[in-house]
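Quick one: structure below, then a few questions.
First chain written, first letter: the chains are A, B and C, and each begins at residue 1.
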Amino acid sequence: MRVKMAPQGPEVSRLIYGVWRLLEDPQGASPERVLGKLHACLDLGITTIDHADIYGGYRCEEVFGHALRTSPGLRQRLELVTKCGIMLTNPARPRNWIQHYDYSRGHLIGSVEQSLRNLATDYIDVLLLHRPSPLLDPAEVAEALRLLVEQGKVRHVGVSNFTPAQFDMLSSYLPLPLVTNQVELHPLRPEPFLDGTLDHCLKHRILPMGWSPLAGGRLMTGQGEAEGKIREVLHGLGHKYGVAADTVAYAWLLRHPARILPVIGTNQPERIAGAARALSLPLDTQDWFAVWRAAMGREVP
Amino acid sequence: MRVKMAPQGPEVSRLIYGVWRLLEDPQGASPERVLGKLHACLDLGITTIDHADIYGGYRCEEVFGHALRTSPGLRQRLELVTKCGIMLTNPARPRNWIQHYDYSRGHLIGSVEQSLRNLATDYIDVLLLHRPSPLLDPAEVAEALRLLVEQGKVRHVGVSNFTPAQFDMLSSYLPLPLVTNQVELHPLRPEPFLDGTLDHCLKHRILPMGWSPLAGGRLMTGQGEAEGKIREVLHGLGHKYGVAADTVAYAWLLRHPARILPVIGTNQPERIAGAARALSLPLDTQDWFAVWRAAMGREVP
Amino acid sequence: MRVKMAPQGPEVSRLIYGVWRLLEDPQGASPERVLGKLHACLDLGITTIDHADIYGGYRCEEVFGHALRTSPGLRQRLELVTKCGIMLTNPARPRNWIQHYDYSRGHLIGSVEQSLRNLATDYIDVLLLHRPSPLLDPAEVAEALRLLVEQGKVRHVGVSNFTPAQFDMLSSYLPLPLVTNQVELHPLRPEPFLDGTLDHCLKHRILPMGWSPLAGGRLMTGQGEAEGKIREVLHGLGHKYGVAADTVAYAWLLRHPARILPVIGTNQPERIAGAARALSLPLDTQDWFAVWRAAMGREVP
């Protein structure tokens, strides 16, 4: 299932595969293993891959790129999303002595060029500013992005974890539209459903990407009271619909009118398939609200 | 006193009579009793009546409609507001097993058609979406509302309890302007005066409707500390101006530049008259701030 | 260093001298003393002076005007900002029995005319509405401001302490653009950096004025834990850059892309010079985030 991310945005798959934890795969990150998961995705129609420069301590992009090199022709079947701007204190970045953000022209351009080398490609489909920075200079960012797009290194630009105010401010400086806002979306974080974040995406006709759709696993295994109550509902609905609880969790996001694009982070091919099953699972409205009630801890008013 | 609800909105009376508690009238809800209160309103210039499908456990509209049928010609002297979208768990709706919202095309149209039958009329002056829903699909709502307006079943459309972000998002999909946002407004709930809700109405030149202007009675009889302090000020001002404390509470809302339309919910005709007296009671600025200080529990900065 | 406050705004100096505490100067407020500080400012390129009708219990403007009268030709080298709208309970205003706001047409015009007399000038460069009022009538304010600008008594109009929603609402009624929003900005109040306030200024291409850049002195001498941690970082950076800690605090604001205009309130000419040194102190990005981390009490996410 393919959708347009924004009126002037790229076509992407409705489910997005995220490689945040690529290096945590118990079966390793050899080109064969990476390609195995990638082909599992492609077989399910999942063609969009979510990266960031910092994933895996600045190493995921490169590992992924190694796999791509061994399989000519694969790149053109994918849409690659990556991110920039977070500066970790990490052995790979010895000059960083404090975690911070860098959206200077020089850093932006250098970061994208490094991502291109790492990913063994000559273009990024969607470049995201990873987090809003209190020190982001929108005019400088606009100039860097204009150059990157003009050179063909970046095709589309978006943001991640931005508030509507930050999004609109930056937009007002850019020569091209932002095509998405990637935010954390799952029943343990219902705020974006109410605080204007998803309304903002709907208003601007852009599809939000939803990171950690299973709350980084907490939804399925967390021991807190909220986790337990939500999981009970997910399991009940799984039983009703004849699917696994995590499939219900994905279906719950997919049912939202903002047409959320969940970013699936599992390293297990069978769990990717479970997520894909959610595409054909239209949750009943009352069932949706059963999850919502568990998420909010109360009846809707 | 008549005002225009919005540049392209209906003319309504400055005070609006709400029938939320129509069935709780100790003197009953016979057509005679309902008409009695209705004529008390009309004599005071109050021509706009606020309904919702759910009021009185889905029964108020019909009781009101019974009264209207006995008095031909009365309908055309009134503006009828009603609402839709809340799904109560109620014997009248046995399929609802969880309180939720339904803004599907089918439900919206069915709900309005039922309201028309209940109210014994062939048009609603203003239809409000009763509460924002995290699952509201604006494109689907827009299509349903377009059809209802095209068919003449609904003349104007508004919302209730929406945030500015929710209002603007929905607006961007609609073929017609939203003419009001009905929100809870009284000194025990000063937030909308500060959080952008009333600013948003002013900016869009729409008049907000204010529900529970006496906080559902708490303002006059509540035993909390905040209630007591506000009531003390209202009584003091009542003494100064020679009116009852509830008249001061209405005048306090009417003094606001957003031109709030208070929805009066009392079943006592003499209290309706007390509210109408507020229309000719221009509160002094410092007196207004005396209520505000009591509401906020502190001096303005 | 001069900047334009807004596309259609006045040219002002990058640092602004505020006279909030003019009457608290241990060396008095004689015309000579006032002129001494004023010339210290001018020598440093600081030409914009921030007043309010209420400063010094409604007396600062007049004291400043006395000094101006003794120095013909000085007025035209300055930009005068003043404010209106706060009504203090103060012996100078015996009719005020409660602290409140007055943005009525009559009060606005009267307040500006009084400020003109006090300041011994025939125009205000920038008039600010001092605080948002829940009772501000934007149509009435617009009419008063239109008249004041038309008469040449006020050249530009702005606001202070407004939220973006309040700013946009008022703007929608005005015949001229608001040229600034003066807000409290310092590391002990990081909220405006995140909550949309500075984003709003950037979006509208207006420069925010920052009041209390040293948190009214708390940043340098406050005994709280937050004060201590931030001060430790400021002192460390002062040592690194070879300047005083307060210079670092100003540089921290000046480094922000919103081009904040700090309002310096000190009565000590040498401290004014210390602030001016910040103009040529471009803080390193990581150093900026060291102050931010101390301000937030945690690493950025």
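Operating definition for what follows: contacts are C-beta pairs under 8 Å (C-beta built on N, C-alpha and C of every residue); 3 or more make two chains touch, one makes a residue touch a chain.
In UniProt terms the chains read A, B, C = Predicted oxidoreductase.
Owing to the predicted nature of the structure, the values given are computational and were not obtained by experimental measurement.
Asker: Considering only which chains touch which, label the overall pattern as line, ring, star, complete or other.
Answerer: complete
Asker: Quick one: how far do you have to rotate chain B (Predicted oxidoreductase) to sit on chain C (Predicted oxidoreductase), C-alpha fit, nearest 5 degrees?
Answerer: Superposing chain B (Predicted oxidoreductase) on chain C (Predicted oxidoreductase) takes a rotation of 120 degrees, nearest 5.
Asker: When chain A (Predicted oxidoreductase) meets its copy chain C (Predicted oxidoreductase), do both sides use mostly the same residue numbers (more than half shared) or mostly different ones?
Answerer: Different; most numbers are used by only one of chain A (Predicted oxidoreductase) and chain C (Predicted oxidoreductase).
Asker: CA centre of chain A (Predicted oxidoreductase) versus CA centre of chain C (Predicted oxidoreductase): separation in Å?
Answerer: That gives a centre separation of 42 Å.
Asker: Which chain C (Predicted oxidoreductase) residues sit where two or more other chains touch them?
Answerer: Counting only residues that touch two or more other chains, chain C (Predicted oxidoreductase) contributes none.
Asker: What part of chain B (Predicted oxidoreductase) is in contact with chain A (Predicted oxidoreductase) in the complex they form?
Answerer: 96-102, 104, 131, 133-140, 161, 163, 165-166, 168-169, 172
Asker: Residue numbers of chain B (Predicted oxidoreductase) touching chain C (Predicted oxidoreductase) in their complex, please.
Answerer: Touching chain C (Predicted oxidoreductase) from chain B (Predicted oxidoreductase) are residues 164, 190, 193-196, 199-200, 202-203, 255-257, 285-286, 288-290, 292-293, 299-301.
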